[in-house]
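Shared between the two complexes below is chain A, which pairs with chain B and chain C, respectively.
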Partner chain A sequence: MASSKIPLRYAMKTYRKEQFWMPPAFLAFFCILSAFFLEDGRANSMATAFLGYMLPLISGILASSPILSDPALELHFAAPISAWQLLVARYGVLLAVMLATGFVFQGCMALMGVDLAYLGNFWQRQLVWLVPSLTMLGLGCFTALALRQATGGSVFSGGLWIFQLTLKGYLLSKTLARNLVLFMGATFPMGGTMLVKNQISLTLIGVLLVFLSAFLLKRQERYI
Partner chain B sequence: MIDIRNLTKFYGRGNQAVRALNEVTLQIEEGMFGLLGPNGAGKTTLMRILAGIIQPSRGQVTINGLDLLQEKDKQRLKAQLGYLPQELGLYPDLSAREFIDYMAILKGMHAESQRRKRISEVLELVGLQENADRKLKGFSGGMKRRVGIAQAIVNDPRIMIVDEPTAGLDPEERIRFRNLLVKMAAERVILLSTHIVEDIGLTSQKMAVLSQGSICFVGSPTELIHKADGHVWELTTTSTEKPDGGLTIVSMLHQSDGIRYRLVGESKPADRSAVAVKPGLEDGYIWLMHQ
Partner chain C sequence: MSFLSGVVRYEYKMSIQRIGLLVIFALFMLFFVITTFTQREELLAGAAAEENLWSSASFVMSINLFIPVVCGILASDRIVRDEKLSMRELLRTTRLTNQQYVVGKYLGVTLSEITCILLMALLIGISFFLIGLPAQIIPMCLLVSLAVNVPAVLFVNAFSVMFPSLMPVRIYQILFTGYWYWGNYLNAEKFFSISDTILNVAGFYPLEGYWGITYGGARGYTPSDALLNLLVIILLAVVALFVEERIISCREATV
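== the complex of A and B ==
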């Protein structure tokens, strides 16, 4: 979760508080919504909306600030730690928060009796939200560092999310574009090869963006 | 020892490029070395290059035999360096002890018992032992600066780089801070960058003046003072018109018999009552800047 140079306790303590509260706040909101819709059977839609749509969006928005909003960034740059160590420490915490949110939400759904089996088996269900969340995490991180502005990263990530949501039907109808749709897992949880291709593409994009972020972060003078 | 040769730094590219440092060459030995210059002279750029944060466009820097341009050497150097940036950012929810502990870990001090002992020592040195476990959000500007110094010395660095450390401090805190730096300079190299002339005069045996990215003076504060010999005058006048003739007004004081001006310039003021006076460091600096 944290690099050998940045212990977990300090990675957590130096993390911005709102980054801890935002995911649970949305989790609570969607749990309440799901509870309201339990009777008419729309709780499943709420669960899908949270896992497949909201978690990737939260991921992208939160990913834009852990580095650039760090008040002691210049001191980190003056310390003998690499760009990777800083990225792992900061994004490890974010990933942990997202994982906890995803699993706690599924736990709440189970307690409320909402059956999520329509999203596939346990592992398929996790991929529905984890893959697009990772892609959005990479995107939020990369765009913020590329633009040298946390707000810019959030706006870009949110903008892309809205763009895909609006044009989801069109994008899914195109052979190449469907590989880049963030919501494929939530839309076609049993999408077979088409879904696998989409998830591999999104994962590769996410990983590539994280590598590019590390490359950008090595150029420290851009950020002070 | 810090050896800087022909250091040049550009920001931006092509026609938009701004030259922040221009062929800077300096040798800095043990003790306190003051770097003086107006805002925008390139002091912070030089400090950040020496701290390994930004890359120079050209030139060479070796610190204690380590080449700052080699990545391996740079990482080794960072572990041995103490750095206090101009804009010190702290985590408001950490206590002073936790913040210094965190910085010590970042600098590679992994042995916990040794780290704890050293943190107690530095907290005592900067006079924060009684507030060590208070959250930083409740600290005054001066206390935050002291936390900054504590984190800079926690790894017992041979070389310290402090950028504008007294900016924004009240007079008492500034004195305390200067004394602390002088005390520490006995056994290490401290490079103090400031635009406050007084800070250099009261702390440094050697100094340099940086202006528009270039070094325009290297020597002792006394040598800089002597540069203004015969170029400083005082005159008292009741006239509301300011003295002119290419002279720079260093200070003006309203007194019962008129306004007393302290002037620095090439030739004596036209006013006959002007008398030559012994220059101070500030006069030397002003004279140098206007040459």
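== the complex of A and C ==
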């Protein structure tokens, strides 16, 4: 009986390389920026910009390509791998890279003496970047599969990101819309119930989009 | 010339039929139309207070907040796609020159996006008319859109055609999305940015230079500043396309 497991060294060759070096490259860039602004106290803003704004954007755009830009996609479909397995294998790696990037960045900030306590305790601080990053990851993945174009996923991720960034103030002033604001954690880290509601809504949307992506991926004929 | 027009025509058709472009433009059109109707009172009060219809027409500048990002991302995979699908090799067997190829791809995708933008401006104009502004607001919206939105798309698309030849497409898309906010809207007094230079393509130059309309305070731009801004935008776009043609030619010379 054929094994459904792909040896790691083969799997790694089929992954897009930019998802491994791009987040760390941004991490290094923002560490340099933070170090540059250490004196005048703007390092905190740099840290928030990276965790709360850049990581979700990177997640969303990188999430549009792991499956559809894979040149061996048809071979994967021919292998005895379920849609869920393929999704977990592809996005698990991206998620792991994003998690590592988020934690290493916080470690670097601690070493540089940048206090991130204004973002809340350890767990609250993780939610500030993890929740929007997961939502954007789900969005990038779902829209790319729904439109059958990796660039379609990038357009939606980039479009939503810039839309929310420029209209953040307006959206936060609306009772219903504020639950969908990606950057509320970074804007109001001590937002209390309002922030909890926002993070629950975003997480639910992210999970729903991942489920819908798995459903779309089952219909393999759409992508051939 | 017929080769160039052929590439433009084909690229235009391919681009305008992309489901991603149609869906996202439809969503943003819906957003602008809904905004117009929900902000009816404020818009009418603003038009009455300003006594200048151009001020109302300048609402189309808000298209520049998001749409150039969408256009740039959509344009970024056009040449990469041809290489990935080995279309480039096929095209090399024809008499199509690299200049014609690059310009054709650029014009095709840009014209398709400009079509959607002008349609968006037209819809905004019609919405304004429907909420009670005079009918001349419709051509005014289109004119402001031509001066404000079109140069922005001409600029970003040239770089979106060029940069993916130098870096992976997704990396470019992330950097480009970040650039749009950083380079055009970030307050340069608070953080290093090129938003207060002649390289700003958000539309502040033409709005203030041609019509004296300001957002976020007067910057003192004159009509000649606006023309200079347009000239710089076009010049940089031409340079980007020239560089892209050189990249392709150099790459193919070594094959």
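Miscellaneous remarks
Basically, the second predicted complex is superposed on the first by the 211 of 224 C-alpha atoms of A that agree within 3 Å, B and C clash if a C-alpha of one lies under 4 Å from a C-alpha of the other, contacts with A are read in each partner's own complex, and residues count from 1 in each chain.
As a convention for this text, a contact is a pair of C-beta atoms (placed from the backbone, for glycine too) under 8 Å apart; a residue touches a chain by one contact, two chains touch by 3 or more.
Given the structure is predicted, the values throughout are model-derived calculations rather than measurements.
In the superposition on chain A, contact of A:A96 is made with neither chain B nor chain C. Residue contacts after overlaying the shared chain place A:L62 against chain C, while chain B stays out of touching range. Of the two partners chain B and chain C, it is C that touches the larger number of chain A residues.
In the superposition on chain A, A:L75 contacts chain B only, with no contact to chain C. When both complexes are overlaid on chain A, the residue A:K13 reaches chain B alone and has no touch with chain C. Residue contacts after overlaying the shared chain place A:I224 against chain B, while chain C stays out of touching range. Once the two complexes are overlaid on the shared chain, A:V155 sits against chain C while remaining clear of chain B. Once the two complexes are overlaid on the shared chain, A:L165 sits against chain C while remaining clear of chain B.
Annotation: chain A residues 17 touch chain B in one complex and chain C in the other. The touching residues of chain A, when paired with chain B in their complex, are 5-7, 10, 13-14, 17, 70-81, 220-221, 224.
By the touch criterion given at the top, residues 48, 51-55, 75-76, 78-79, 81, 83, 85, 87-91, 93-94, 98, 101-103, 105-108, 151 of chain B touch chain A in their complex.
Per the touch definition, chain C reaches chain A in the complex via residues 18-21, 23-24, 28, 65-66, 69-70, 73-74, 76-77, 168-171, 173-174, 176-178, 180-181, 185, 191. Partner chain C is touched in their complex by these residues of chain A: 16-18, 22, 26, 42, 54, 57-58, 61-62, 64-65, 143, 147-152, 154-156, 158-159, 161-163, 165-167.
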